[in-house]
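Have a look at these structures, which come just after this line.
What follows is a pair of complexes built around chain A, which joins chain B in one and chain C in the other.
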Partner chain A sequence: MTNADFRQLWLCFGQAAAQNKEELNRLDAAIGDADHGTNMDRGMQKVAEQLTSSPPPTLQAACKMVAMTLLSTVGGASGALWGSGLLAASKVFPDMDSCDDKTLAAALQAFVSSIQQRGKAVAGDKTMLDVFLPATAELSQEVDHAPAASVIPPIAAKAKLWAEGTAPLLAKRGRAAYLGPRSIGHIDPGATSSALWWDCLGQVMGASK
Partner chain B sequence: MKKIMNSPDTLVAEAVEGLVISFPQYLKQVPGTHVLTRVHPKPTGRVGIVSGGGSGHEPAHAGFVGYGMLDAAVAGEVFTSPTPDQILEGVKAANHGAGVLMVVKNYTGDVMNFDIARELAEAQGISTATVVVNDDVAVENSSFTTGRRGIAGTIFVHKIAGALAEQGASLAEVEAAANNVIAHVRSMGLALEPCTVPEAGAPTFTLADDEIEMGVGIHGEPGIERQKMRPAHELAAALLDKISGDLPLKSGDHLACIVNGLGATPLLELAGLAREVSMWTQSHGMTLDIVWTGEFMTSLDMAGASLTLLPVDKSLTGLLQAPCDTPALRQGVAHD
Partner chain C sequence: MTGLLLVSHSRKLVDGLADLTRELSGPSVPIATAGGEDALGVTAAMVAESISSLLSQGVSGILIFGDVGSAFISAETAIELAASSKPVQIVDAPLVEGAIAAAMTLSTGASMDEARQAGEEAYTIRKQ
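Entry: the complex of A and B
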């Protein structure tokens, strides 16, 4: 992954957050407080602004910048989780213009581990991890055998299904957990925005072939 | 949706400015933040107390910044935890060399953001302690889930921790007292009408004319059960029975109570509810030593109320009755 790919990824996610703001709010209204789209969009517009006005020189710097921006603009659980995760990932990314596939997989792994640590959620808790855990697990396995540019797009294509797979789950973390059984039947908004992110990663890495 | 605002995007920032304009004798803004802090800070060597959370719960938390309660309040976006950088500014403003207690309501986002802020504060050499309020008995407590929510019982934590800090107690002492309150304070609420989040523009759920939502939190999220509307004495009993069974309370207990409006409930109805609480405690052989009736922890324009009970002894009663002077709670002022 190059620094330009990384920038493209976040610009793409920024557009996706803006386009899906109402839909994410609607999903959140069912089991939370109707603001997931608003919060992600606010953070992502700031990220896009920063990436365009003062593009960081290296992958590490760019990842750290996105982390700090989300940490200070999104708020709520999402801001803390995306921010903590990206801060951990930035420590894996090199202070250079690009990184190899294994480093990218390791950075994603660090992202996920940090989110698990901060949020204490596990697979099946109806959270963003229900997209990120299977996706990074597949990536870590397959990146040994094939280039990320061909491995990531098919994983990304499954992300939406993983997000939709949160519907029958009983929420165990976050505000949806207060609903108990009434959380069943609704797709998790955090998993949905995570799937949008994977869709962007798939597009960017697919185009880098 | 009809709301007195210029835009949902600017509502919180404009309200923070408006609070300073409304209460200049109490509040000042840390420039560039949504942190409100005391105009007259505590003396050096006293423990500072910071609270905060999403906006939409006014007067919590900025309304309780002042002598005898909080040193700083951090306001997030509506129903959204404030960010760690803002919380850190609150901690710095509240630090007078004896450490800072952070009073956090138990929500995933708040707990995580305050946690990150604590790491940042410790890195700057400020000693901090965190207590997490989880008084809502509507939500089952379980170590496998997020656990109970923090709601209006938080205000008793502010008051008791604040009174002790004013007396010169150490950070460890204030933390222990706050945790003791948290271990015993219980609340539960019900909604007659949902609230409308300014950004979303539509009510978060709908209720028929004869329906209430039992066990609501303070973010417009649905409660635990849809029930039929009924008279005040039955509603009070439903909430109090659940709280009482959870503690459990027994005959002879002395209690402090908060009769809290959720934002769109007339004081007339809250006062009627306070009377029902008194009747209920009498009939159960308990003594109601302190009642605070009004709006303490709201949920935007939600109609409904929550009840909070805390079993008290002489020492807790003393701390609850100790003087305080804040925009939303003033007591113990000397006069002829």
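Entry: the complex of A and C
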């Protein structure tokens, strides 16, 4: 992944967050406080603005910049989780213009581990990890045998299904957990925005072939 | 002296609690607040800023009390961001009763650990 790919990924996610703002708010209204779309959109627009006006010189710097921007602009668990995850990932990315596929997989693994540690959620708790855990597990496994440019797009294509797969789950973490069994039947908004991110990663890495 | 940091999604909630706590513990205990700045909600950056502000007042440690859910995830992230050499701890306590119990304990000259314990024990004090 190059620094330009990384920038493109977040610009794509910014557009996706803007286009899906109402849908994410609608999903959050069912099991949370109806602001997930507004929050993510606000953060991503700030990220896009920063990446365009003062593009960081290296992958590490860019990742850290996105992390700090989300920590200060996105309230609630999403901002803290995305922010901590990206801070952890920035420590894996090199202070250079690009990284190899294994480093990208390791950075994503660090992102997920940090979110697991902070949010104390496991697979099946109806959270963003229900997309990120299977996706990064597949990536780590397959990146040994094939280039990320061909491995990531098919994983990204499954992300939406993983997000939709949160519907029958009982929420165990976050505000939705207060609803107990009443959280069943609703797709998790955090998993949905995570699927949008994977869709962007799939597009960017697919085009980097 | 150990300082207290009260974190809530609501500015009114922590401002009111800070007033009440200061009234009960006296002016000797440094108390800061975080959250609910523009609208309801907490970011990790808000909590990190309040941690820095307490540290710059020369506190020897910080006990954090929060309201619900993401206040704690934000506080944990903020502790990591602040990377303080002084101890900064989140207390597992009811926000109002815990903050008051810890502040009153600190005002008697007790240690950070004693204040933390007083905060945690506030869960066991029944109202009826």
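By definition in this document, the second predicted complex is superposed on the first by the 209 of 209 C-alpha atoms of A that agree within 3 Å, B and C clash if a C-alpha of one lies under 4 Å from a C-alpha of the other, contacts with A are read in each partner's own complex, and residues count from 1 in each chain.
What we mean here is this: a residue touches a chain if its C-beta (ideal position, glycine included) is under 8 Å from a C-beta of that chain, and two chains touch if they have at least 3 such contacts.
It should be emphasised that the depicted structure is a prediction, and the values quoted were computed from it without experimental measurement.
Within the superposed three-chain model, A:73 lies in touch with chain B and with chain C [touch as defined at top].
Touching more residues of chain A than its counterpart among chain B and chain C is B. Of the two partner chains placed around the shared chain by superposition, neither chain B nor chain C is touched by A:160.
Of the two partner chains placed by the overlay, chain B and chain C both lie in contact with A:119. Once the two complexes are overlaid on the shared chain, A:34 sits against chain B while remaining clear of chain C.
Legend: residue contacts after superposition of the two complexes on their common chain; A:25 is shown touching chain B, with no touch to chain C.
In the superposition on chain A, A:175 makes contact with both chain B and chain C.
Looking at the shared chain after the overlay, A:46 reaches neither chain B nor chain C.
In the superposition on chain A, contact of A:81 is made with both chain B and chain C.
Judged by the document's definition of touching, chain A residues 35, 39, 71-77, 79-81, 83-84, 118-119, 174-175 lie at the interface with chain B and also at the interface with chain C. For chain B in complex with chain A, the residues that touch the partner chain are 54, 76-86, 107-109, 112-113, 115-116, 138-140, 144-146, 149, 197, 199-200, 202, 204, 217, 219-222, 224. Chain A makes touch with chain C in their complex at residues 35, 39, 68, 71-77, 79-81, 83-84, 87, 118-119, 174-175.
Across the complex, chain A is touched by residues 39, 41-46, 48, 68-70, 73-74, 76-77, 80-81 of chain C.
Touching chain B in their complex are the following residues of chain A: 25, 29, 31-35, 38-39, 42, 71-81, 83-84, 118-119, 172-175, 177-180, 182.
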